[in-house]
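Dropping a structure here in structure tokens format, bear with me for questions.
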């Protein structure tokens, strides 16, 4: 897989040295994707520190606080959507155990208003594909995805859904669900810890707010170039 | 228990019963299988009532079907190996009449090896999709090569739509010559697949089962 | 192999539906029945209807599809369709090492991984005739019993959830999370532990694990009693499970059932006593047996087994010997040629493996016998004639896990 080396200008911006203290100070930006069109935005920089500072939205740190007046109705819709993402119950295999664990008492997804796991795809927003996808199940899964009304997002939970994982050489699995459906958030792990899934869902909330996850504007597939 | 088994079944065993660890192993011919299993289950001194396992084995030269049984009268397992099935047309009588629970296990052996169980009313694929062409656990099924003939290379409908006619009418592959091989009326090999993979075809249409 | 957006075709596209009926999704009824039973099943009579249950449904057992032939609310016949989670584990095991088989068989029983991991371990040890250090054996029993308790706690939760009760699943997951965090401090993983090794276990007990275990043990008995009293005499639960899905002794033996569904019919068959392995002969515990054979009896049996497992853990902690936790083995492990059948008692029944070795470092045939596969077959005769709401109660009480059924 060819890795595009960042140009010298970018390199100069990422690292700065503080000669006085002798330490290297890294700014917030830690990663830029190789293909800038992958996420349909001009510049994508995952700000690991910025996203954790919910206080950035206002001066009282409340997430989605109502005293922050949205400038357009779209922003309000984004807040509403982000704060009530209802997942579809689509646990396939072992990752479903960790998804259920993330939804129950110890790690509580209900804090983020994500508890009602809808049984019907018509009522769900997020499809958390948790578990290995086999070729036989791929048809029903696509059917589920297409039954979900827009706006909808997809979270690939676990190694098997991200890339095939430990079943990469099996004859009956689909190596990564992004072969057949668009994925917004990849949560790697075998299985990922429930905290990891919750982190992935928070990332999804960030995507929703920044309108990076809209179904219509998204390409299917990862950013792996052809021939790889 | 070993002597009882030898006594009751002696003439139908291919080799004398062998004890290995906590298992007594019996090898039978496929045509004697039903008698042997019925004796094992119904005989008062044996009473092997619980079918613990049923599986197929592909040894590369032959196919086998292996049964494991449990009896309340003995602390040992009994393993019955129906040996000598040909790899091209493996057939064995079904034990579904004796143990209805064997139905799905025989379906699985059919799905994975192509072994036909005569007497099973429901011999269809259980794990693979119904239009799958190969038998995955056979020794001539190579991972990541041969799988491209089946639906393992991605979802056909999403990547290249294929009319169902050519999928459904294609014969189920019985031959170890691989998927896509052209078989004649008697099952003899007429031609390999156009894009032959690197497996050696075994054109053994006239071989007797051992 | 990414799919460009233009080539992804929607199922609502009429052209796609005409071209590919049935390759995506089995149509009900199938276009041509393939077997006698299929023809008989899909011959829909007057007033009957074919309804699909699954593969995605709120029951949490996994991806199982059941085609129901119903007459109003009554189920006339059913046809379970499996394979939606078939990952080819047996084939992958044949292409890897004996050691790789340990982590390959992990995801089979993902609610109780220690049991499925032990299959390659026990079979290789039989073929090698290897002696495992006693401390390792005791740690194995400890891991097995802890996993049994967490699996049974989940079973109780899922049984209640399938009947509509939301509270017991939260109790069950709370219990399971605590046990599994304990095992995470021992093995490093919450779910697919990869802890068993041929010749022992991966690592010794550590202080964190033992302190958590002590804390949990002091509360476990009372908590299990709480959970049980929540459901044991709950009128709705009892009415919905008592007398439902009655398995007779003959039927259980004919279907090859094992584990709680078999013991609930009165057959005292437990692999730990019938074919003892590890250090179970030295431990004192009872085999709970009930004779009713219905779903309620199976539920009560699971609760009894939790109590017996607590008893075993107590003895193990008192009798734990010192010593190494793993036997010395060469890095490149060549297992002598032979055939071995090793069985152990998992929460769902008799988990067994038939391993054939050809003398090399890869298994020649690694057949995994999962108890849920045989137990689930019984759901077909058991559910005929019952109502639509009963199928979940019956299926949940047989405790299936699709990872093992589909391999």
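A, B and C label the chains in the order they appear, each numbered from 1.
The criterion applied here is as follows: contacts are C-beta pairs under 8 Å (C-beta built on N, C-alpha and C of every residue); 3 or more make two chains touch, one makes a residue touch a chain.
Since the model is a prediction, treat every value here as computed from it, not as a measurement.
Participant: Report which of A-C and A-B is connected by more C-beta pairs in contact.
Facilitator: A-C
Participant: Report back the single chain whose CA centre is most distant from the CA centre of subunit B.
Facilitator: Centre of mass proxy via C-alpha means gives A as farthest from subunit B.
Participant: When the C-alpha atoms of subunit B and subunit C are each averaged to a single point, how far apart are the two points in Å?
Facilitator: The separation of the two C-alpha centroids amounts to 25 Å.
Participant: Any idea how many Å lie between the Cα centroids of subunit A and subunit C?
Facilitator: 31
Participant: For subunit A and subunit B, what's the span in angstrom between their mean Cα positions?
Facilitator: The computed centroid separation for subunit A versus subunit B comes out at 45 Å.
Participant: Touching at least two other chains at once: which residues of subunit A meet that condition?
Facilitator: 136, 139, 142, 169-173, 179-180
Participant: Subunit B: which residues touch two or more other chains?
Facilitator: 127-129, 136, 141, 143, 154-155, 157-158, in rising order.
Participant: Which positions in subunit C are in touch with at least two other chains?
Facilitator: In subunit C, 1, 3, 8, 23-24, 83, 86, 88, 91-92, 95 touch at least two other chains.
Participant: Considering the complex alone, what residue numbers of subunit C touch subunit A?
Facilitator: Listed in rising order, the residues of subunit C that touch subunit A are 1-5, 8, 10-12, 23-25, 55-58, 60, 62-63, 83-88, 91-92, 95, 103-104, 107, 110-111, 169-170, 173-174, 176-178, 190-192, 402-403.
Participant: Write out the stretch or stretches of subunit A touching subunit C in their complex.
Facilitator: Residues of subunit A touching subunit C: 88-94, 96-98, 100-101, 104-107, 119, 131-132, 134, 136-137, 139-144, 146, 166-167, 169-173, 175, 178-180, 190-191, 193, 219-222, 224, 226.
Participant: Okay, in this complex, where on subunit B does subunit C touch?
Facilitator: 20-23, 25, 49-53, 55, 57-58, 66, 68, 70, 72, 75, 77, 79, 99-105, 112, 121-131, 136-137, 141, 143, 154-159, 161-164, 167-168
Participant: Quick one: which bits of subunit A touch subunit B in the complex? Just the residue numbers, please.
Facilitator: 135-136, 138-139, 142, 169-174, 179-180
Participant: Give every residue of subunit B touching subunit A within the complex, in rising order.
Facilitator: Of all residues in subunit B, those touching subunit A are 127-129, 136, 141, 143-144, 146-147, 150-152, 154-155, 157-158.
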